[in-house]
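Okay, structure first, notes after.
For reference, chains read A, B, C, D, E and F in written order, and residue numbers begin at 1 within each chain.
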Amino acid sequence: MSTYSYKYFNVTFPFENVAHVEINRADKLNAFHTEMWTEYGTVFSALSVDPNVRTIVLSGAGDRAFSAGLDIKGGADALTSSSDLDNARTTWGFKRMIKSFQDAIGSVDTCEKPVIAAVHGIAFGLAIDITSACDIRVCAADVKFSVKEVDIGIAADIGTLTRLPKIVGNMSWVKDVAYSARIFGAEEALKQGFVSAVLEDKKKALEHALKLAALIAGKSPVAVQGTKRLINYSVDHTVQEGLDYTQIWNAAMIQCADPTEAIRATFSKEKPKFAKL
Amino acid sequence: MSTYSYKYFNVTFPFENVAHVEINRADKLNAFHTEMWTEYGTVFSALSVDPNVRTIVLSGAGDRAFSAGLDIKGGADALTSSSDLDNARTTWGFKRMIKSFQDAIGSVDTCEKPVIAAVHGIAFGLAIDITSACDIRVCAADVKFSVKEVDIGIAADIGTLTRLPKIVGNMSWVKDVAYSARIFGAEEALKQGFVSAVLEDKKKALEHALKLAALIAGKSPVAVQGTKRLINYSVDHTVQEGLDYTQIWNAAMIQCADPTEAIRATFSKEKPKFAKL
Amino acid sequence: MSTYSYKYFNVTFPFENVAHVEINRADKLNAFHTEMWTEYGTVFSALSVDPNVRTIVLSGAGDRAFSAGLDIKGGADALTSSSDLDNARTTWGFKRMIKSFQDAIGSVDTCEKPVIAAVHGIAFGLAIDITSACDIRVCAADVKFSVKEVDIGIAADIGTLTRLPKIVGNMSWVKDVAYSARIFGAEEALKQGFVSAVLEDKKKALEHALKLAALIAGKSPVAVQGTKRLINYSVDHTVQEGLDYTQIWNAAMIQCADPTEAIRATFSKEKPKFAKL
Amino acid sequence: MSTYSYKYFNVTFPFENVAHVEINRADKLNAFHTEMWTEYGTVFSALSVDPNVRTIVLSGAGDRAFSAGLDIKGGADALTSSSDLDNARTTWGFKRMIKSFQDAIGSVDTCEKPVIAAVHGIAFGLAIDITSACDIRVCAADVKFSVKEVDIGIAADIGTLTRLPKIVGNMSWVKDVAYSARIFGAEEALKQGFVSAVLEDKKKALEHALKLAALIAGKSPVAVQGTKRLINYSVDHTVQEGLDYTQIWNAAMIQCADPTEAIRATFSKEKPKFAKL
Amino acid sequence: MSTYSYKYFNVTFPFENVAHVEINRADKLNAFHTEMWTEYGTVFSALSVDPNVRTIVLSGAGDRAFSAGLDIKGGADALTSSSDLDNARTTWGFKRMIKSFQDAIGSVDTCEKPVIAAVHGIAFGLAIDITSACDIRVCAADVKFSVKEVDIGIAADIGTLTRLPKIVGNMSWVKDVAYSARIFGAEEALKQGFVSAVLEDKKKALEHALKLAALIAGKSPVAVQGTKRLINYSVDHTVQEGLDYTQIWNAAMIQCADPTEAIRATFSKEKPKFAKL
Amino acid sequence: MSTYSYKYFNVTFPFENVAHVEINRADKLNAFHTEMWTEYGTVFSALSVDPNVRTIVLSGAGDRAFSAGLDIKGGADALTSSSDLDNARTTWGFKRMIKSFQDAIGSVDTCEKPVIAAVHGIAFGLAIDITSACDIRVCAADVKFSVKEVDIGIAADIGTLTRLPKIVGNMSWVKDVAYSARIFGAEEALKQGFVSAVLEDKKKALEHALKLAALIAGKSPVAVQGTKRLINYSVDHTVQEGLDYTQIWNAAMIQCADPTEAIRATFSKEKPKFAKL
C-alpha cells in the first residue's frame, strides 16, 4: 500500500481497495486556499493511478462543515491584482490562475476511479464545485448547500455552473439556487437529484458512502472504471458518438480475465478476485 | 427609468430594478398572433440592455390563462400559403417565418437578465415554448399545461421540443406529454422538474416570482448576469468547453467593484449598492 | 395489414395503427442471443416504414421477466475469441460485432414511430439497454431493474451508459446504479425519472401502454413522428442547432392536410382521420 | 426593383438579379467607422430577402483601396472607455459592441444570396474580416492584403481569425500572415487559396466578378441559395450531420418548378426562367 | 477469393488483396439509376468486410465518362411525386429516398478499406458526390468535372456539398464551382487539391491507381485501415477529441503481430506477410 | 533571463524574446525515447509561461535529420507488454502511455507562444506528429518527410492523423502519404500546404525561422498570443462559436496598453516597447 501524507488532507484506507480522503482544516471550516487546492489536485492524480485503489470517498473533517468554500483571505489575495499591469495582462494572469484552479478541482472528474462525496454541515461555494465533479453525492440531514458565489459578487467559475446543469434534471431549480445563492437542505437536494441518498447524520452518511465504496471496490475494476469513462464520455457527446467510442473501448476491454472470474465466483458463491488495474 | 409602452404587453417596475411584463390580451386568453410575438421580441430586446433592469417577471393578464397559445386565426392565416408559389418557395417562406418567430420567443433566452415566468390557468402550445425559454418557472395550483401542437397536426416548432428535454430530467415523461398533448397540472410539473415552485393561486405565484426577482435584483448584476450566460453556455457544450469559456469570462469579470462592495456590505450589515450594468 | 411472423417475437395489432411486439422466449426469461437481437433489429426496421403502424408497444412474454438480458451461453460464445488471431484482430472482430449489436438495439431509436416499453419482472443488463432506447417507459410494480453488466466483469456497451445519463435527471443516481449493479424497483425508477408511470401489475402496465399507444395513434402521424425526430435531434445538439433544424423541418411539414383535418374534427366533435405516412 | 439609398454604400443593379454594393468612402480609403459598419449590416440584410436579387458583388470605390480597415479615429474612440466604469463593466460594454460589429460584418455570411468580393489595392485589417465572410473572393493584381490587427496591438476580432482557417488550406501560412501582419499580394493569395481568381486590374476584377454573378443569377435561385446554405451548414458540422440536414432540406426543396424549367430550357436551348425567391 | 457478380459493376482482383470496381454502364455514360446506386452500396459493404481485400480502386468503363451522374430518366421518375399525397407526406418520402441514396454512396466512406478513384472523361453531378466520398482521387488529363446539380435546379444532396469543403482547401473555389456548375479540368482539380495526381490518359490513371493500391495493400492492414478510421474520425471532431479516440484505438491495435513482422521484413529485406483482417 | 538546461534539448535565446529549442541527439538522428519526449513536454510548458519569451523556433541538431522519429529500441520496449497482464489491462496501460506521449508532444499546441518549426533532412514518423503541432512550418530543400508509421505496422497516434487533415487542404494527398508512408520532399510539402516556405538549406531555413520569430516577437504579445489562441479555438468550433469566444476574449484584451504604444511608435517611427506577458 502506498503512503499518502499530505498537509491538508488525510488519506486512509478503511477497506480493501477503498481510499478515504478527508479535507483536514476543520478549524477553518475546511475552507480552501491556493496551496490547499493545489494539493487537492495532487491527491487525486496520485489515487487515479494507484493500482491498490478502486473507489474513493471524500468527506470533510469536523462537525460543522464539509467546506465553507474559498478561504476569504486567499480569495481576497487572488482578487488583488498588482497595480502595474494593464487590464489585459491582469486578465491573462487571472485566466491562468482560474485554469489551474479548475484543473485541480477537476482532477476528481479525470480520476479513473469513482469518487463518492459524503457531505455534511456547511457546503458553500467551492464545496458545490467540488462535489459536482464527484461521481456520486450522498449527504447528512444537517447539510446546508449554497451556490454562494453571487453573494460575493462573482459567478461561480470552478465548475458549478458547468456541471450542475448536467447532473440534475430541473433547470428552473438550478437557476433559482444559482441566481439567489439561497441555502438548500438535504431533502431538497435529494428531490432535485443533486444527491442520491440522505442519511441521518455525518457519521451515517460517511458509513453509507464507505459501504457503497467497498461494494463497488469488490467488483471488476476494468468494468467499473470503464463504466465511469463511458458515462463521462457520453455526457459530452451525441448518442451515436457515445456508441462509437464504446465500440472500440469495449472491443478491447472485454479481452479480460474478469468476466470468467466473475462468472466462476457467482457459480461457486465465492467472492471474486480481480487483478489490479 | 425608461418608459415602456406597448400594445400587447404591460411593462411595469414593481420593485427597484425589477421589470414585470404582463401579456395583455386577456379577452383572447392571451393568445398570440404575428404582430404580438413580434412585439414580444422587441420588449425583451429592450429590457436586455436597460441598465435599470436586473430581473424580469413574465405573467399573463386575467384569471383564466397565462396564454392559450397561438391564435387560431393568426395560425390559420400563416398556414394558408398563396397558391401561385411552388412547394419549394412556400417552404422557403415558412422557413423565414418560423425563424423570425423563434427569434422573437428566444429573445428571453438571449436576454442578459434572468426571466422568471409566473404561470397560471391555461398554458397551452406556444405557452410551453415561451416558458421553456425562461430561466425559472413557478406556477399557480390551477395551471393547465399542454404541449398542444400535435392536436392541431403539427410538431411544436418555436422551442418546446428543443428546450424541454434540456430543462427537465425525465425523457420518458417529456415524450409522453409531447406525443399525447395531454394536460398536466402543477404537481406533475413540479415533480418532473418543469417548474421549481407551486403556489396556491395566481396572486401568490406572481408575488413569489416578484419577491424572488427582487431578491436576485439586489445582488451584483455582473455576478447574476454572468451566471446566466455561463449556465446557458455550458448546457450547449462539453464540460471542458464550458470550463474554458468560464476561464476567460471570469478572468475579465472579477476585475469588478462588486466583490469589494458585497464583502463590505456583509460586514457592515448593510444592503450592498452595485453600479448599473 | 402486413403480416409479421418471427421466431422470437410476436407482433400483433391490438388497436388500429398500434403494433405490439412481444419478446417471446419466456422459458429462458426472454434472454437474448445473437440470432435474437439480429431479428429484433429486423422487426423494428420493418415497423418503422409500415404505413399502417403509428405507435408500438414492447413487452416480454411470461410472468417472470421482461428480459434477463444477454443469454449467458450466447454471451460466453461471443467472448471466446478464436486463438489464432492476434489481439488487434480480435479487437477488430469484437468492434464489428458490438456495432451490429448496437445497431440492432438502436433500431428502436431510429424507428420513426414512438415505442413504449411496458416492463415487468426481471429487467437486467441488456433489458436496460433496450428500454433506454425506447421513447416512453412504464412498468409494473414488481419490476426489478439492474444495470447488471459490471457483475459479469464488463461495462455496458449496447447503449445503457450512453443513453441513461440523457434520459434521467440525477447523475449521482445513474452512477450509483451503474457502478453497483444493484437492483432497483418501480418506485425508485419513477422517482428518478427512468419510467413515467408505475402500474399495479404486468397486465395493467401493458394495458396502460397500449391505451397510451392508441391515444397517440389517433393523432396526426406527421405531427407525432416529427415530434419524435425533433426531440431526438435536439438532445444531440445545441439549442440553436435544434431550432435551425426545426425551421426547415416544419417549414416543409406544415404543408400538410392534417392541421385542417384536426381542426375540422375538433369543431365537429368527430375523430379525425389522417392519411397514412 | 427596390431602391437602395445609403450614405456609405452605392447599391446598383448592373445585370438582371445582380446587385453591386460599392463601399463609397474613397477619400478615406474606404475605412470603416461605427455608423458605417452598422449601415453595412443593413444593406446585406435587405438584399438577403429582396426577391429581385440573386447574387451580389462587393467592391470598393476609388483606385487605391478596397478598404484600409477600421478607421483609426473611430477605432480609437471605441477603445477609450469612460473612466467611471470598473473593468468588468467596461468589458461588458466592449462585448456588446464587438457582438454588434461581428453581426454587421457577418450579415454577408447569413445573407441568403451568394456574395462575391472583388478586391483591389489596399485591403487591410477589417478588409480581411469582410472578405473572409464573402462566398467567393477574386482580386486585382495590385491588391495588398494584410491581417493588420497585431500591428495595432489587438487580435483580429470581427471574423478573420475564425473564418480564415476554414477557407484556406495551409494553416502554417494562415498563422504566418496572422502573427506577422505582413502584406501579401495577389499571386500568394491565389496560391494559398484565399482568392480563386486574379485579374489584371480593378476594372477587370470587377468585370469578372459581375460576369460570374450574372452567370449564377441565371440559374435556379432555389438551387443556388440552397447550395450556399448546405455548404455553410456542412462546414460547421460533421459529415453525417451535414448529410442529415441535407436530407430534410432537399426533400422539401426538390418539390420545385425549377428542375422542370431547367430541363425544358436545356432541351429547347432557351434561357430558363425561374420564379422569384 | 470470394466471387463478386453484379449487374452494373465489374469487380476484379488485378493484384493480391486489391479489388477493382468498374462502373459498367458505358453505353449510358455510366449514369446511375436507383437500382444501380442500391447495388453500388451492396458492392462496397461486401468489400468492406472481405478479409482478402485491402485496397479498392474505382473507375468507369468506356472511353467517354467516369459517370455522367444521375440518369435523367431515373431522376425524373424520382422527382415525380404521386399526386394523392399532401406535401408533408411527399417530403417524408423524398427524405427516406435521399437517406437511402446517401447511405449507398456513403458506403465508400464507411468501407473499412481505402478506396482510390481513378477518374476520366465526364464526371458530372453524382460523380462528384461519389468521388468526394473516396479516400484518394487521381484523374486522367481529359477529365471534365462539374458540380452539375444547380443546372437541373437542385442543390447537390448526395454528399458533394458536405464533403467537398472538407477535402479541398479553397472555399472560394468550392463555392465558385458549386454555384456556377462550370466544368473544370484536371490541372485545376490538382491545383485546388481535389485530386492528388493527374495522369496522361485513362489507362495511365488506372495503372497509377492500381499500383498505389498494390503498394498500400502490401502494408499492415491493421495499420492502414486504422489510419483511415482515425483520419475520418479526426475530420469530424476537435483536435482533443481526435487524440482521445486515438488513445483507446491504438492502445488496443498495437497489440498486434504486424509491427514485429514489419520490422523483421525490413531487416531481412523480405516482403512482410500480414494476417488477414 | 531564465536558465534552461536540459539533457536532450538545447535552449538558447538568439534574439530578444526569441527562444530556440534544438533537439540535441544528432548521433541518433534525433530519434525520441520516453525520457526524451517527457523532457520535451517540460521544455515547452516552461517556455509557455516565461514572460521573457514571445516566440520559439524548433529545429534538430546535426546535418542529417530533424528527427528520425521514435527510437526503435524505445518503441520496441513500449510494445513489449509484460506477459502476466490480460489484454484489457495491457490496453489500459498503453492508453495511459499514449495519453502521456500525446500530452508531451501537444505541449507545443497548448504553449501560449507561437512555435515555428525549421525542418531539414530526415523528418519521419514522430517528426510529423511534432511539426504538425507547431504553428508554422518552414523547411530546407533537402527535407525528407514521411508519415512512416504504417511501415512499422501501426497507425500514427501522437497527433499526425488528427492534425494533418486540419492543417493542409488536400485530403486526397493526406491519405495518399498517410496510407503509403512514401517520402515527400520540400516542394511537394510547400505545394500541398504542409510548409509555408522552402529555403535552400538547413542554415537558411533556420535563419528564416529565427528572423520570422524575431519579427513576431517585436509585436504586442497580447495581440500575437491572443491570435494563436483564437485561431486554435476557431479550428475546433463552428463559425458562430468562434465568434462568441472572440467577443469575450477581445472585450477583455483590448483594455491594454499595447494599442496606444503601437500607434505611438508608428507615428514616431520608433520600435514599440511592450510590457511582458
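By definition in this document, a contact is a pair of C-beta atoms (placed from the backbone, for glycine too) under 8 Å apart; a residue touches a chain by one contact, two chains touch by 3 or more.
Each chain and its UniProt protein: A, B, C, D, E, F = ClpP/crotonase.
Treat the numbers as computed from the prediction; the structure is a model and nothing was measured.
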Same or different for chain E and chain F, where same means more than half of the interface numbers show up on both copies? different
Looking at A-F and A-B, which pair shares more C-beta contacts? A-B
Mean-CA-position distance for chain D and chain A (Å): 48
Whole-Å gap between the CA centroids of chain B and chain C: 33
Could you work out how far the Cα centre of chain B sits from that of chain D, in whole Å? 35
Listed in rising order, chain E residues that touch 2 or more other chains are 87, 90-92, 166, 168-170, 193, 222, 235, 240, 248-249, 251-256, 258
Can you check the complex and tell me which residues of chain D touch chain F? 72, 76, 79, 81, 87, 90-95, 97-99, 102, 106, 109, 149-157, 159, 161-166, 168-176, 178-182, 192-193, 235-237
Applying the document's contact rule, which stretches of chain A touch chain C when the two form their complex? 114, 135-138, 166-170, 193-197, 212, 215-216, 219-220, 222-224, 226-231, 234-235, 238-240, 242-243, 246-256, 258-263, 266, 274
In the complex formed with chain A, which residues of chain F make contact? 49, 85-89, 91-92, 96, 222, 252-258, 275-277
Chain D partner contacts - residues on chain C that touch it in the complex: 245, 248-249, 251-252
